[in-house]
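Here come two complexes built around chain A, the first alongside chain B, the second alongside chain C.
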Partner chain A sequence: MNSSEADTYYLSRQAREAEATLEQLQDDFPDNPQAMQYFYDLFHRVYGQGEIIKHSGKLVGTTCIHAPEELIYAFGATPVRLCNGSYHYDQIGADFMPAKSCSLVKATLGSLQAKAAVPNTQSLDLIVNPTTCDQKTKASAMMSAMGYKVEDLELPPAKESEEARLYWQRSVRRLATRLRELTGNKLTRKKLQHAMARTSRAQTAFRTLHQLRKSAPTILLGKDAFLVTNAYFFDDIERWTAAVEQLNNELLQRQQDGFQAAQKRAPRILFTGSPPIFPNLKLPILIETSGGVVVADETCSANRMLYDMTAVDEWRLNDMVDSLADRYLKPCTCPIFTRNDDRQRRLLQLATDFKVDGVVYQAFSGCQVYEMEYRSIADALAERGLPMLYVETDYSPDDMGQLSTRIEAFLESIKTRKRQAL
Partner chain B sequence: MKTIKTAINNIDLRRFRFWLQLFFFALLMYGGYFAIDLGSRLPTFACAFNEAGRGGICYLFPLQHQLGVPSSRLFSWAGLAVLQGLLIFSLWFFALNKAWCGYACPLGTIQDWITALRNRLGIRYSRYSQGQFRQLSRIKYLLLALMILIPLGVGAALLPHEMGTPFCDICPARMVLPMFTGDFSQLTIDFSSKTTMIMTTLGLLITGLFFTGAFFKKRFFCFFCPMSALHYLLSKPALLKLKKDGNKCTSCGDCYRVCDMEIREIADEVNETNIMQDDCIMCLKCVAHCPEPDALKATFAGIPIFSSTEQGFIKRMHKGQKHEQQ
Partner chain C sequence: MNYYAGIDIGSTAIKAALIDDEGKIVGTHIAPTGSSFHKNALDTFMNLLNQHGIERQAVKFITATGYGRKLFKEADDSISEITANAIGAYEAGKAFGGVRTIINIGGQDSKAIQIDVQGNVSNFAMNDKCAAGTGRFLDVAARNLEIDLEELGDYHFAGRNAPLTINSTCAVFAESEIIGLLAKGHGKQEIVSGIHYSIARRTVRLAKRVGIEDRVYFDGGPALNKGLVAAMQDELGRELVIPEHPQTTTAFGAAILARSLFLAESKEEA
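So, the complex of A and B:
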C-alpha cells in the first residue's frame, strides 16, 4: 500500500464513522428543523468528503476552550479546535499513548499523527495548548515531537485566588506576543474590538439557542444542539453565526406553533461531564432514541465553550486583553481546578432553569478529574432530589448494548417517579 | 409595566449616570445662586467652603463643629444637637444609600471626569494589588476616627482650637470645589499659626495627590473617604440596596472587571445576598455589566428597580464597542 492509498484508507474509515453518526442524527429522528440541514451538510462535506474549510491567515490549532479565540482572530489568524471525537483516531492514538489515557486526548493526538486528518489539520501553523489536565499538558511534548509548533498556554490549577488570575493574565499576554511573532501582525485596538464583536455575536446567537431550549415541551433535540456547537470548532465563525440565527428563527416559529420535538412527558435531561464531540455523540443519541431529551448541558463542547461573555470597561488594549483572560478563566467549570463549587452551582441552576428531571454524567475512562468529581456532584444533586446516571465510557462502540439498557432503565425510573408525583 | 421594566434594564447606564451626575453637580455646586438650600446635613461632599454656589452643606463640616464645643456643653444640651444632626443626615442617607457617592458627590463626579479625560488620552489605568487594597481600605476608618476624636480633643481643651475641623482642613473638596465658582482663595497656606500652617500645607499636598491619583486610578480618593466609612456604618437600614443571587452567578467576574473600586466580593461572594461592601459607591456598573438575568439588582424598599439581564448586557456591550470606535 503506498502512501496516497493509505491516506484514502484512513480518510474512508473515518468518513464511514462520521457518515454513520450523521445518518443516525438525520434519519433516526423525524421532524428535524430545516435550518439544521446546513449543519448536516457541513459535516457531510468536512468529515465525509474531506472538504477543507477556507480560512484566512495562519491556522492556529487549540486543544482546549481556554485559548482566547478573539486574540487569534485579532492577529489575522484563524483558530480551529483540535479536540477530536473519532474512534478511528482514538485507536491510532492508542498505538503510542498509555492505555489509560482518555479517548479525547488519544483521538486528538491520533488525528495529529494521522495523514490527511479530518477535519483538515495538516497545515497547522501553531498549536496553542493550554496546560489544563495532566494528559493535555503532557501532550505538548508529543505534539512537538510530531513536528508541530506548540505554544503552551500556562493555566493555573486554581482559579479563585488573585495570584492565579494575574498569572493567567500574564500567560494570555505572552500568547499575544507569540502570535505577533507568528503572524508578523501588530495587535491593535480596532482589530481586537472587531474580533470581540464577532465572537460576541456568535455567543449571542448561542445564548438565544440555549434559552429557546427552556421551552417545555421541547422544540429542539440535544443531539442537534451538540452538532451545532461542534461545528463551531472548525466552521467559519460568521457563517456559523448566521446559520444559528436562522435556526433560532425557525425554533421561535416552532415555539409559537406549539411544536413538540419530543413526547410531552419525555424526561428532560441535563448532560454533564466529558464532552460529546462529533462523531462520538453516542450518549446524547442513545438518550434521545430511548425517549429522553437533552435540554441543557454543562460540557466544554457546548455550553462551557460559548456561554460566558466578556465585559470590558475601557476599550483599550490592556483592558480588553485582561478582560478576555478573565472570561477564559473565571467562569470555567472544568474539573481540573482545585474546587468545584462553581460547577455544582451551575448544574443546580441549569436544572432549575430548564426544568430538568435527571442528569446524565459522562466520564471518559481515563479522565481522572471527572471521575473524581463524580461523588460530590452526585451528592449535590441528590440533595435536590435530582437523579443522576453516571456513565463511564469511551469512544468505542462496544458498550452500546450495555449503555442503552442502563439509559432506558434510568429514563423509565424518571417516568415512574413523574407518574407517581402526579 | 413589563415594557417599562425592560426599558430600564436596557438602559445605557454610562449615559444615564453622566447626566444624573451632572444634574447633582449643578444642584450642589451652583444651587445657591438659585436660592436652593438643602441644609447642612447632606451625606455627600457639598462643600461648605464653596460659599457662593453651594446648594447644601456636607454633614462632616457641622459634625466636627458640633463635636468641638467645650466638653461640658457637649455632654449636656449640645449632645442633643449632635443626635438631631445625625438623624437628619441618616434620613438623607437612607434614601439613596451609597448612591450618594456614585451619583451625587461632586468630588466623585470630578474624579469620573478625570478618568474620562485619561481614557480619551489613551492612557491606561492602574490597579491596586489585593494586599494593597486591603491595607488602603482601612485608612478611611482611621480618618473617620480621627475626625471625631480630634474635635473632641479640642472641646476638652487638649488640642489647639485651630484643629476644630481637621478633616475639612485636609479634604481636597475644600480646595477643589470652590474653584468651580471662581474661588481660588482656598489654595493657600495659612500662616496665622503653626497648626494652620501644617494643616493647610497638608491640605495642599493632598489636593495635589488627589489630581495625580485620580488621573491614574479610578475613584482614587474614595478609598480613603471617611464619609464613605460613616455611610457604611449606617447602611443596614438604607432603602436602596444592592442584591446578589449567588445561585445565578457564574463567577465570570465581569462585575469585578468593571468595578471602579475593585471590589472582589461582588464576583466571588455567592452566599451573601446583601452584597454592598464598604468601598462600594453604588454606581451600579456591576449590575449593568452582569449577563446573568437577576443575578445582580438594585432594589428600593425591597422592590427591584434595576436588574441584570442578558439583553441589557448585550446591548450595552455592543454600544460600548461602537462608542469607542468613533
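So, the complex of A and C:
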C-alpha cells in the first residue's frame, strides 16, 4: 500500500465492516479481559487502518491449515493464512465462482484480486494451495491467472491408507523443494527443529487457553477465543504467543477469583462446521448475545488449526519432514476426506470434556462437504442425547433476524430441558 | 381478576392474546404490522383491552414474541416465536387429542417444530432466508392473478384441470412464471392450486426434516386458506389439525408463558 492508499484505507468498506465487528465484540459485552485489548488493537490497526505486519524473509500465503507452517519458517520465510472472512471481498470474489459457492473461497479470491487487501497480499512471494475441496482446488488456476505464484500442495482424498500417506509425504517434500528454490536457503535439521519448537510454543499457549475454557461457569467468551485464533493467521508468531500467555495468566486469575463471563446457567455450546473468520463472527456473536456461551469448537480457524502438535524424534532430516507431513494429514478432521469418523469422535470427546449442552453446526452455503456430513454428525450427537442446531448461512448480514430467532429458540429449548432434568 | 397477555409482532401482522387466571382465553386481536410497528403493537394491545373492558393494571405480565419482540419495551419478557408457538399449539392441541408436530407458515418464514410429550421443543427447522413457501409468496401470487388473498381457497377447488406445476421456488421468479402461465391461457384456478402444491411440497419437506410425530398442527395466517390445507394434507398423506384461530396460536403461547412466569415469580417472592 502506498501512502495515498493508506490515507484513505480506513474509509473503505472492508475497513468499516471490520470496525463494526470490533465494536460489537467490545461494546456488546461487559467485562472483556484486559489482555484482549492487544487483539482488539491488532485487528483495528491491521483491518481498520491497513497497517502491514512486518515479516522476515519471503512471504508465503497459505489457503488452508494443511500447509505445514514449520517448513515455511524453516526456510526463513513467513507464512500468512489467506482465508478471508469479509463480505466485501466475498462479493468481489463472486466473479470467479458459480453463484452457489462457498463465501470463504470467494472472499479469499476477492481479497487476492483487490488492491490494498488485508492482510497485505501485494508482496506475496508464493501461495501454497492445498488441493482440498473442489472449490479450493479450482482456485489455484484463478490465483495463477491473477499473477500469483502458486504451489498446488496435492492432498489425497483419503487419510487412512498407507498409499495416501506416501502420496502426501511426497507432496510435502515437493513443497520443500519449491521453498528451497524460492528462498535460496537450504533446509537443515537445526532450522527445522527450531521452527517446530517455535510453533509448538504457540500451540502450547493455545492448549492452555483451550483447557481454561473448561471452567464452569465460563471465564472467556467464544467470540474472544475466535478472535485470538484468527490473529494467528497473520500476526507475528512470537508476539502472538506472548499475548496469549498473558491472556492465559489473566484467565487463571479469573478462575481463582471465581469470576464468571456469562450467566451460570448459560447453555454451553460446542461450535463446529465452516470456520468463523474475522469479520464474519456473526454466529458466535449471536449465540453469545442471546445468552449462550461458546466453550469449545471444532473448526479449522481455531481448534483444528492449533490443537494437534508435532512430536518429532527422528534423527534424519528426511524423516523429520515425513513425520511433519503426518501431523498435517492424520489428525485432521476436515470433511473433505472420504471417511471422517475422527470428526464424530472428536466432537463427542469435546462435548464430554467441556460439559457441552448443545452443538451449533455452521455450513456455508455451497460448502458441500460440510452440508454432506450434517446427517451423520446429527445422528452421532442424537445418540448421545446432544441437541444440535444446523445453520446454513454465508457472509451476508441479511439473515441476522431469522438466525437470532433460531438461535434463541435453540437456547430456550436447552434451558427447558435442563430445568426439567433437575 | 388478573390477566396475562402475549403479543406476537410478526412481519405482516401483530397478534395479541389475553388469558385469565385460569389460563382460559379471554380474547384475541389482529392488526397489520405496518411501518411504525411499535405504535401499532401498542394500539393492538390497548384495543384488545378496550374490547373486553379490561384495565391496563389488571394485566400482570406481558410476553412479547415475533420479529419485533425485543423492541417492544412494554413487555415484561420476550421469547422466540418457535418456543411460543410450541407452547400455544401444545395447549390448543389438547382439544384434538394432543399434537407432537407443528407446521407454521408466517409472513416471511415457515417452520416445522417437533415437541415432546411435555410440550417442549425437541427439534425444529426453518426455511433459509427466502420468501419461497411463505405467506409472502401467496401474497405476491394473489396480486399477480388479481384476486383477493381470501379467494385463493375457492379458486383451488374450482379448477377443472390438474394443478399446474410451478417450478420456481423463488418468490421473485415464480412471479414471472405465473405471468407466463397466464399468457399461455391457463386458468387462474389451475395456477392457484399449482401454487398451493408448490408451497405444500416445500413445507412438507421441512416437516420431514424434523420428523413427523403423531398429529400435525398447522397454524399461521395461511392455515385459513382451505386450498392450501387440502394441498398440504395431500402431500403429507394425513389429516392436519387446524385450530379455530390459526393466526393467534403463537400469541396464545406467549400469554400462557406470561402467566406461568408471573405465577413462578410471585411464588418466589412469597
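Here are some notes:
We take it that the second predicted complex is superposed on the first by the 410 of 422 C-alpha atoms of A that agree within 3 Å, B and C clash if a C-alpha of one lies under 4 Å from a C-alpha of the other, contacts with A are read in each partner's own complex, and residues count from 1 in each chain.
Everything below uses one rule, namely that contacts are C-beta pairs under 8 Å (C-beta built on N, C-alpha and C of every residue); 3 or more make two chains touch, one makes a residue touch a chain.
Predicted model, so just to flag it, every value in this text is computed and none were measured.
In the model built by aligning both structures on chain A, chain B fits alongside chain C without clashing.
Draw one line from the C-alpha centre of chain A to that of chain B and another to that of chain C; the angle between them is 120°, to the nearest 10. When chain B and chain C are set side by side, the one touching more residues of chain A is B. In the overlay built on the shared chain, the residue A:413 is in contact with chain C alone; chain B does not reach it.
Using the contact criterion defined above for the overlaid structures, shared-chain residue A:137 touches neither chain B nor chain C, since it reaches no partner. Using the contact criterion defined above for the overlaid structures, shared-chain residue A:349 touches chain B, although it does not reach chain C.
Using the contact criterion defined above for the overlaid structures, shared-chain residue A:196 touches chain B, although it does not reach chain C.
With both structures placed on the common chain, the touch criterion links A:405 to chain C but leaves chain B unconnected. The overlay of the two complexes leaves chain B and chain C separated by a minimum Cα distance of 27 Å. Shared contact residues of chain A with chain B and chain C: none.
Chain B makes touch with chain A in their complex at residues 119, 122, 124-125, 129-130, 246-258, 264, 267-268, 270, 285, 289, 291, 310, 313-314, 317-318, 320-321, 323-325.
Looking at the complex, you find that chain C touches chain A at residues 67, 79-83, 109, 118, 120-124, 126, 128-129.
On chain A, the positions that touch chain B within their shared complex are 160, 162, 189-190, 193, 196-197, 200, 204, 207, 211, 307-316, 318-319, 322-323, 326-327, 330-331, 341-342, 345-346, 348-349, 352.
The residues of chain A lying in touch with chain C in their complex are 365, 387, 392-393, 398-399, 401-402, 405-406, 408-409, 412-413, 416-417, 420.
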